[in-house]
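Down below are the structures I want you to see.
In the two complexes below, subunit A is the common chain; its partner is subunit B in one and subunit C in the other.
Showing the complex of A and B:
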């Protein structure tokens, strides 16, 4: 047919044939697209939600969702160093399993989360602790990483090799524990942002050193640091889409810079010591770096530096007030609606902190104050009124019970337990 | 007693008992409930409340009841009485609600202050809820400009402010809005003053000042006489309410500025400036004093500045660390009154400010030289010789430094032990070819080298408890640094002290020390604040010893 036809006819025939072919192809394409779309939709609906994620509500409030249900972080920082040991003690491998005793007490109090600053060296030990806490007491873990803050010499976030080293370390931790059902989220750093100010653990680069303006120097350091955290976050998300990644930050310091360079982070994990409340923190965060916040360190010590004696009431007074402020700012409450909860500092006293290089001091519950903070006004007249060895809501004594220092819950344990049980007391409830 | 009577008594509570008993014991009764009411005060007050015909009559008896119960910390008892009053007369509800809220607020403070933690934790939430509900109820029942509504808003703000909670800002806005709506023709201005006083004492100075201005505006509008304004301002000054005193003085000055002749206006301004100028241990506001000094200049009264007044202004500026302006005024003093009793102190301070604040060594030397050349032997001449020696030593002109120190010791003879001791110490360094004392050198490097101009005296505050002292009087000197936030990783700040430290030898860890001086003169205290990463800043303070 093709050879007996004139040029035009041929063209016509060819064109008609092409049209037929094109129509057929279109149908195939449409069918393929429909199938693809169907699979896509099916994929969407069948793909499970992340185990833990943060939902933005219609009123722009943030809510932590765990296994499909809203979750308020009601937690403590956990570092159960026995009397006579220092921060180097590997409690993860303690044969007396302090977390079993502590977990029971925690569960009775209403704690659902602990925050750890870093994982122990033996992954099996770490997994055992996480599983025990989760399986026995339904307690989840916020897993922290120092991101090199305490490296010696000081961290050098401007150095690519250093960044690679830390990235490798962090991703190893994520790979190791991401499938543990008790993991709640990852926290990168603690108060590392202060190193950008050059006051603690100072670091620099040649370019920064050549910059004459100190404010610009701070900005340059913060840009480097937060950009690095952002890259790290993206890598964690690739490895583990099931848990949020939070930026550990001292106060709200430099978060305006984070707003420019660290948008991939899921939440901010702040360390705040402002006395009985958090002031304008939640609203302020909304305007500087609008991310959900979990307070990963706050609290009060139980030693009255002015009266020079233990003062459980003082500690409970500050903690209760702080928790009230946290609850005011949870999703669907009257505050800023950006708070996910908190982990107060800390579960049990740590006797090693004063003169940490002197092993004899690890056996003494030292009463010398470390620093002064006027907003803890009950003993502020003492000047320096913060006693780092006395922050536990559980006191330790030298008396042993099953190989562990005996735990005695302080007043704050009972006050916060009661608060969590009934945070919105109405007259009729009384 | 019938069931019904029992029920009524139970329902009406204390007020019923008070009223019944008052029929039999009109002035004095001894019911157990009122055991503390020896004078029958409660009976009288509750009767006044029940029998009142207008809201205005209620303020006084309610307030007296409040004082009666608060004095004894009988908060729950007062609440019971308030409940009874409300049951007796529904029109009392706004007052009952307000005083219930106020009582719970005071009760919480009392529990906190006395560390009565069991009741605090057991009932605190309930009390907080009552404060909020009852204060809101008062507001809902009254017009927004009703004084009681204003007090209820004030109470809500105080409560949220104390709680430091989320409603702190909105409650302050609500209070301010109600205050700004306060009717201009109102003669009852006490709520304005009381709100401003509360805001001022809580650190809300700007808002307090705004309300004080409104208060004064209404006061002036109500045809208050000039003299009355002046007396009112002076009264608030005496009370220590400087903000309000200033607002009234400003209104007073506005009122008399155009109506009074200059010769009458000027002495009035001078007196106000004197009152507010810096004085040890007496309430003062050197910033306001300087504002009035400027006003004196504006009204063309420059020639009224005698040597004492110029000195007062310069000293006032020096105390608020306006060093550069202080130097200009001291310069004016020495130009216009070269033989003034203040001229030597003025010249010396000009030298100090030139060197250690303005990094102008040449000018400093000029002022010190002028003093050093004077024939009379006085403390400022001796101190100038020391400063000249010190600046030369720092500039590594050891020969010249030695000449100044030797001349100092020769002039001082057996007098001026403190300055002579410093000179001898410096001479020893020169003789032994040792470097200048480390702390002193650190301070001078930070203060004099051009490359250190980032150290601009803004990041370290240095203050003395007293600035004019007699010999051997104890004085406390304190340094504080700004902008060193480091959370729970406190920055280890050290203080390098030098200069005229008197009897004290403060360590580098001491931010505060006490000292005494045995020799009169102008003492210069130097400090350099250091963090692990280097110098934070440096500062000086100046104390005059007589």
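Showing the complex of A and C:
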């Protein structure tokens, strides 16, 4: 093969007949193959990021990323039970669509997320709610599943058949809703870890029963439970790589065991009531189970059990203080940097709670306290100072508006709205 | 001319006033000598087992300076069933916050006093400044103790720098208790005064040295928490902080009898060791135990097999909550002394008011439980 320059000075290859043509074709083929291989490799490495995922920053802080952008969970637990109904009410199919009214108020406040404890029975109803909230108000949903906590008889996490049954249920939920654009993440369980301690819904196995040491018994239960959650998480990841899976957990109890057996979980969804702050929660999690945390249940009630009257200021004081502590521990703040945000308990009051088996009581806004917690110190002198029917940041009244109980935002609604607009952290105060 | 005279007079008055204020701002006396015109407070606020106290404010028993000092005799007979006693120096006398009085002591940075015991070894639970509540509350409350006295005069100082001393009606106080002075105590005080010492700077919360005891022995000066937080069926608990039934170390240990009688209907009972007593998070007085990596204690059951659901550190929730909590349990006790450890690594021990706690219930101890504790300490 000879070469020279043409009139334009470009290098040309002078043909030497068909043999040369064949060699040229081979080069083209080789180049095409190389390009194809290159694109294949590039395709492998540049697989699109999940729709929602948690990024670990260089400073080891955790940040939730949604559609490519950092996202702070600013939310509420949502269970809009009307006055006169109980927790069994299927609000998902409510013809008056409470989420439309609530969603508007939420959007005005700055809420971007609701947490639901479980989905309604009719998938079409659930999808409609999710779509309405997302499309109308840009509000996403943290989808929970009880993981059999309230099954009868008590859950038996050591029983393979029970595990299979729950796995099937959970994966069905994931399959049904994973493509809904409003889904933010999955939460497995609520305070199910307390069942390992025997505090609620106690369960056991023959092997555990034969163990004489009660501390070892607790460890054995926790190992079974968290291992099961880990397997479930892996299965969800296979079905839905687009959303994180969080572990619902009461306080930080037994997370040292989760650290050994539940490493596939993406985040901890913590349920915690500690008054004006969360104490050492965020740093403590760093040392026991270093995962991102979203506070999926916290808050304060709006009834002063000592003064025996509604106290919106008290609720607003605690909620603002709690949100400040959350913000101090977000990524790139001065705290532990492992908090993704939270969903406070809760959007609206639930009047059925005092005595759920008494339908007449569902029409009464009961003021009897359920339990005492000194960290809510403003009315702690009352002893039992927690009023479960008064946790809403929105009060309900018996007056109806378009078929729904009239909603009246409490002071905390406005205080948190302002805080989210202009978060003042401790460092700003200095 | 009259104007000049008037101006000169005004200047003289101003100079005199300035000198006077300056003198006041240098030191302010609580007690220097009986009948001294410098004394500003009266020893009128008798507390607790006041029948156990005698005070002589003109003792001539080798005063540290001047002609007299204060002699206090505490007989520890628990006359009013309190187990402790104390006296406030008040202004005006008997002012428990119901009268306007007191002084603005802004600018003072410390209070100093001299003290000695008749024999040495007398333990004063705490010396205090301020702390009176009521309609006219003191603007500050500062305390220091326990302090073990020597048999010779020694000067003590309490740092007040950075405290709001704008209204102090209780200029000084002491508290003693029977546990730490089982045979009573006689001690002396002299030259109690506030001083404006520019070298004294505000003090942060002190990081306590380790080991730091919750309970060492009955009446030990090393005991830092009080078993005052009785919970649940508190009527089911009998507490003996001076049991001499085979203590693990020292002369005494703690004996607890839980009857399981369900006196208050709770079906469970527990006890917190608190600082100060009865502090359920309503007093900002926690210890900084940041240097602790564990809490250890020794325990045994009277028979063995007694089940304690939880042993715990911290966890009191209130306006001033414990900074963290850690626990072990359930624990089934052995009949012989066994050491237990609560791991505190990674915990925030910077503010602790609940030094130790146990809790159990009748369901796991249907016939009640008798158990012993000793050497409870942070390390």
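Criterion: the second predicted complex is superposed on the first by the 380 of 430 C-alpha atoms of A that agree within 3 Å, B and C clash if a C-alpha of one lies under 4 Å from a C-alpha of the other, contacts with A are read in each partner's own complex, and residues count from 1 in each chain.
We take it that contacts are C-beta pairs under 8 Å (C-beta built on N, C-alpha and C of every residue); 3 or more make two chains touch, one makes a residue touch a chain.
Model, not experiment: these values are computed from the prediction.
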item	value
Combined model on subunit A where subunit B meets subunit C, clash or fit	clash
First (subunit B), second (subunit C), both or neither touched by A:328	first
Partner chain(s) touched by A:106 [first = subunit B, second = subunit C, both, neither]	neither
Partner chain(s) touched by A:297 [first = subunit B, second = subunit C, both, neither]	first
Partner chain in contact with A:339 - subunit B first, subunit C second, else both or neither	neither
Partner chain(s) touched by A:279 [first = subunit B, second = subunit C, both, neither]	both
Subunit B versus subunit C as contact partner of A:317, first or second or both or neither	first
Subunit B versus subunit C as contact partner of A:377, first or second or both or neither	second
Partner chain in contact with A:214 - subunit B first, subunit C second, else both or neither	both
Stretch in clash, subunit C with subunit B, out of 95-103, 239-247 or 311-319	239-247
Contacts on subunit A seen with subunit B and repeated with subunit C across the two complexes	214, 275-277, 279-280, 283
Contacting residues of subunit A [partner subunit B, same complex]	191, 194, 197-202, 214, 250-251, 253, 271, 273, 275-280, 282-283, 297, 313-314, 316-317, 320-321, 324-325, 328-329, 334-336, 370-371, 411, 415, 418, 425-427, 430
Residue numbers on subunit B that touch subunit A, as the complex places them	112, 115, 117, 120-121, 124-126, 129-130, 163-167, 169, 454, 484-491, 531-533
Parts of subunit A lying in touch with subunit C, wherever the complex brings them together	212-215, 274-277, 279-280, 283-284, 286-288, 373-375, 377, 380
Subunit A-touching residues of subunit C, taken from the complex the two chains share	280-282, 307, 316-319, 321-324, 328-332, 345-348
